[in-house]
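In what comes next, chain A is part of two complexes: it sits with chain B in the first one and with chain C in the second one.
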Partner chain A sequence: MATTVARGVETTGVVASAPRARRRKSPYPLWFYLPAGVLFVVLFAIPTFASFYFSLTRWTLFKTEFIGLDNFVQFFSEPMLVSAFGHAFIYGFLTSAAKVVLGLLLGLLLTSSIVGRGYLRAVIFFPVLVSTIGVGVTFKIMMKPDTGLINTTLSWFGVSGPGWLTDPSLALYSVAAVDIWKGVGIATLIYIAGLVAIPQEYFEAARVDGASGWRNFWNITVPLVQPATNTVILLSLIGGLRSFDLIWAMTNGGPGFTSDVIASVIYKQYQAGFYGLSTAGNVVLFVVVTAIVVPISYLLTRREVNR
Partner chain B sequence: MTWKLRWPVGIVAIAASAVVFLVPFAFILLTASKTGPDASDLSFSLPKQWVLIENIKEVLHTQDYVVLRAFINSITLTVGSVTVMVVLAAMVGYVLQRRRSRINTVVHFLVLAGLIVPPAVVPTIWVLQGLGIFKTMIGMILIEVTFGLSFCVLLFRAFVGTIPRELDEAAIVDGAGPLRLFFSVIVPLLRPVMITVIVVQAVAVFNDFTGPLYFLPGDAGVTVQLTLYNFQSQTLNQWNLLFADILLITIPPLVMYIFFNRQIVAGMTSGAVKG
Partner chain C sequence: MFPSRARRALRAGAVLAVAALTASACSVGSIGSGSDSSGSGTTTITYLTGNDQTNVAFQTALIDGFMKANPDIKINLETQPGGTEGDNLTKTKLSTGEMDDVFNYNDGSLFQALNPDNTLTPLGDQPWVSQLTDQFKATVSTSKGLYGAPLGSSQAGAVLYNKKVYSQLGLSVPKDWATLMSNSEKIKAAGKTAIIQTYGTDWTAQLFVLGDYGNVAAQQPDFATLYTENKVHYSDQPALQGFLNQQNAHQAGLFNKNYASATYDDGIKMLATGMGAQYPMLTGAVSALQANYPDDVNDIGVFPLPAQKASDTKLTVWQPNALYIPKTTTGAKLDAAKKFVAWVNGTEGCAVQSEKSPPSGPYVISSCKLPSDAPTLVKDLQPYFDSKDFVSALEFSSPIKGPSLPNITVQVGSGISTAAQGAKLYDEDVKKQAQQLGLPGWS
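The block that comes next holds the complex of A and B.
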């Protein structure tokens, strides 16, 4: 220890510049921000700000032409683009709500003393780590109308399953279901951590007062697990509203445009070479995500503080 | 849950989890082990002949070893970006937690913005082109680092908060400078959260599809997720090969999970609940 300290003094030259250092050098230098900050500004902040300008242009590989709000007008007048807007909402809120409910229930189940707890935790969490494309392709095949595993199984019970991904009114919900399947593990994990952190004294006090299990759940568990709920809601909303890979792997936005979301429209317009329109889609996505997530986050954290 | 129900509820839960969560993975494994004609009906049955190894070999062979090259690309991308990400995010998370500075309000805001704001695709390509690193591995690594920073910073900040400040003060009294304090005193203590960040981000980068789709197009830099995506349209009805590819791509996260299960769970939850 003594030797390392001595070497530390020599190499950093603290002794030589001690008076000045004491006056203004913090042991936590701000330049630690620099490398990350440069990357963040160059590859994230600049493109984000630039997107506001480029969304107002007709943009090809070679030139940009300022056209005002035309891209946005087009975005909100073409039915396929407007519907993508609605689909992103449905997808985001549906997956988020399902993950809260299922995550909390599974969290309760997996913090109780049931048998096979370790196995259950492992098996529910594993899909989180698997490639989204892999999951998407697998479920796409399992959801085939005639030969897919899901409908074959249903037919044993005399149920003729629908065309999960080929029925226009169903495709978006089928993809959302797979999203929930894949993501519920992380919600459960967050809830388990939140539930374990609740002090047992509350439940003991409630038992003395003769509270039922149901009242315990609503009056102790739900309010005290609020931080975990907030995390789950925000994470799944942020992920769900801008979701792309799963939808792209399973339906490519189809049939027709019935499972298109904002992120898949951005990709389609990009592929077609309409860079301005694609960027306008990005700005719309930006506005949607911020306008939903920021107020919700504000409301939720305020409730948390007031508790 | 009362004590007397632990067996019945547990058994029901295990049975349900087997149907919901294990069957899809079993289906992948079984189909990947079948011969082409055997796999064509997509039934959930044991293969007539187990040819898993042959199928995997064939997947790796197709199109001039594209899957093999993709694996090399994906691993390069993952190792490169996670290494840089961990170092940069640890530095930010540490100063952000320790220092009382007005700049921190701005940094906090930016970290949250990085978490919430969806990246603007085409303008990012425009910047990458301006820098001459579009369609290069370096460019892709830097993109993954940038997009992953916010999450890592939050985890590091939360963890640094659990390290007593007295430790820093002792080191400073002993004459340690900022660099020495960070790299010799703090970093070794960050080991648990570092493993978490490495594992979580490695899985995220390895599984990333959208990033390489936009920022690393072209055959030279193709990653495993893109080959899988392309594979499904090219190998129509060769389900055994498609599933062998899926299986192959699932192995790295599975290995990570088997070895680092505890760290993933511990670190993810500490960050999520406190952060």
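The block that comes next holds the complex of A and C.
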């Protein structure tokens, strides 16, 4: 039974890659593709190419004036852009690193035989289900300097908490912490799936050889959950680099510009009515995220195959 | 047999769906055109305004008053959010021809960004135009015509202060910056907040800079023109002073402790209860004061943000928002819209205006008079208007206003950046706006 299923999977794999070598006759008539095709062209293809065009214009909604690459020049000379890139990288790498570490540890905990495992798994996953804006607004209130829940609680222990979102040197990290809290559930879920897929035989063999728990972890678990780690890194890095909603809900990029990321800079340009400029910004963001994620994805999956 | 029946069913379904679509399109169209030609002779127009609660109540009262006087015209109120979101909606509606028959919007630089010559109906031939002040006319006009009628009163960007605190400490209204600072030190020594700042609502941070414009114009009367032509900048004196004042006040520790997170409402509360003595703010705050602290509203007075030298101190005045009619309003609707705009600025309209929305300064049309029971702070403003010691804010005499000023002033007021850095950043910010407007001298 198991082997037939495996073989079935293999053959479909071959079929999927076959058209590249030799075009097969499609099982569907052409009109069958029409609705999806129209949707794709109208909602995705046209706007994408239109945005490339508008990024080359000064656009007031009333008229457009073709100005070549001036928007890109202006976008890159934006005084806040360098710091916004810096913030986006700090945010993206910090949150994805934390999600890898915490996700793996929580995954280990929740695959062990602890009491109330199903309940605990649900609790860890719960923040993922809540709307990001809702989470942002809630934490914004909890993080208020004098009246917020966090600092009120700290004051019971005689600690006077900082202004989590109003201290310029802290704001970005406070938002990142909330992002980690909200996103670690997905990472844990992916790790749980990866961990339960590791065959128990390895651990039994290691036990015979007298390996310690630490060695089991480093030499069996970590290498064998590599695919899960890759998925977590990729997902959270993409999410982190283009992150906007949580930052906007909690700080609006402030105080001043201290938690501005690329996406919030672009949004503010749009709000100010610089439509061409903000479209250029989105094109840049698209290119930058692609340029970072594609090589990482390539590297990580190659390591996976080589193993 | 079965497949072909299924296909027929499918085809029938598709026809039905198309028919439904066409039918619904028809009915949408006919609602719009039906009201024009309905036999009873009633014309229905729509009126678009901001969606905050106090405003909606005020506008509803205005419409009700008008419809009572003109039973053959029906006005439907439409609302949209204010701020930058509202700016985008307004531009989108105008550029797609979907704008309501009359709409209420800012004048000055935001009005210029609407491309008025191509999108709005000129109102220069209307009878009420002759009663407007020249300053207001300038803020709703382009070189080709006048497009807006005022709604509401003017307001000042100045220092609101608690008169009780001032009299307890024996202070008098400062005429120059040094006196304001020494007053503030005394207030601080008495254990109260000298200057209220509320960066939790970021636009409130701009007042040190925007409210200082009267003093800038006193020192350099052609500043607005030169500024529009890219010849003077905020990184130089006299305009830099507004940023410097904010930086100095921060460094002197005169702000409330929670300035970084406090909101506009917190600021109003501090001022009304006397926890804080001075709040650089727009006098439009009078409606919040009157609504939430009716017993304290007459303890609040106002004075202009002082210049370095007393002789340069001038009040900075914001013009009221305006009513506009888009080019897409035509025929009977256009007549009805013009009638509404004229009524609002006539005797009856003015009565509703001052009854339902407390004035925050003098009116800009001579047909509207301040009521005798106007709040104290409005009365405090009158002498500056009588002696012409006031200047319209920069956004009314130049089309350029940088969109990032709130963030920049929050940075300066929190000590994240210096006044000079902030002013330089603002000059950069303004450049984008000028280029977007296609002004000469900025490319």
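Just so we're on the same page, the second predicted complex is superposed on the first by the 267 of 307 C-alpha atoms of A that agree within 3 Å, B and C clash if a C-alpha of one lies under 4 Å from a C-alpha of the other, contacts with A are read in each partner's own complex, and residues count from 1 in each chain.
Operating definition for what follows: a contact is a pair of C-beta atoms (placed from the backbone, for glycine too) under 8 Å apart; a residue touches a chain by one contact, two chains touch by 3 or more.
Quick caveat: nothing in here was measured; it's all calculated off a predicted structure.
Which of chain B and chain C touches more residues of chain A: that partner is B. Contacts of A:116 after superposition on the shared chain: chain B is touched, whereas chain C is not.
Looking at the shared chain after the overlay, A:154 reaches neither chain B nor chain C. Legend: residue contacts after superposition of the two complexes on their common chain; A:293 is shown touching chain B, with no touch to chain C. Within the superposed three-chain model, A:97 lies out of touch with both chain B and chain C [touch as defined at top].
In the superposition on chain A, contact of A:144 is made with both chain B and chain C.
Once the two complexes are laid over each other on the shared chain, residue contacts for A:198 go to neither chain B nor chain C. Looking at the shared chain after the overlay, A:245 reaches chain B, while chain C stays out of its contact range.
Across the superposed pair, chain B and chain C both touch chain A at residues 144, 270.
Considering their complex, residues 1, 3, 5-7, 9-11, 13-14, 17, 20-25, 27-28, 41-44, 88-89, 91-92, 94-95, 98-99, 101, 103, 107, 110, 114-124, 126-128, 131, 142-143, 145-147, 149, 153, 168, 172, 174-182, 184, 203, 206-207, 209-210, 213-214, 224-225, 228-229, 232, 239, 242-243, 246, 249-250, 253-254, 256-257, 261, 265, 268-270, 272-273, 275 of chain B touch chain A.
Taken in their complex, chain C has these residues touching chain A: 84-85, 87-88, 91-92, 94-95, 113, 115, 118-119, 199-200, 202, 258, 260-261, 403-404, 407-408, 410-411, 414, 416-417, 425, 428, 432-433, 435-436, 438. Remark: chain A residues 4-6, 8-9, 11-15, 25-30, 32-33, 35-36, 39-40, 42-48, 50-51, 54, 59, 108-109, 112-117, 119-127, 129-135, 137-142, 144, 147-149, 152-153, 181, 186, 189-190, 192-194, 197, 227-228, 231, 235, 238, 242, 244-245, 248-249, 263, 266-267, 270, 275, 278-279, 282-283, 285-286, 289-290, 293-294 touch chain B in the complex.
Across the complex, chain A meets chain C through its residues 58, 60-63, 65, 74, 79, 144-146, 163, 165-168, 252-258, 268-274, 277.
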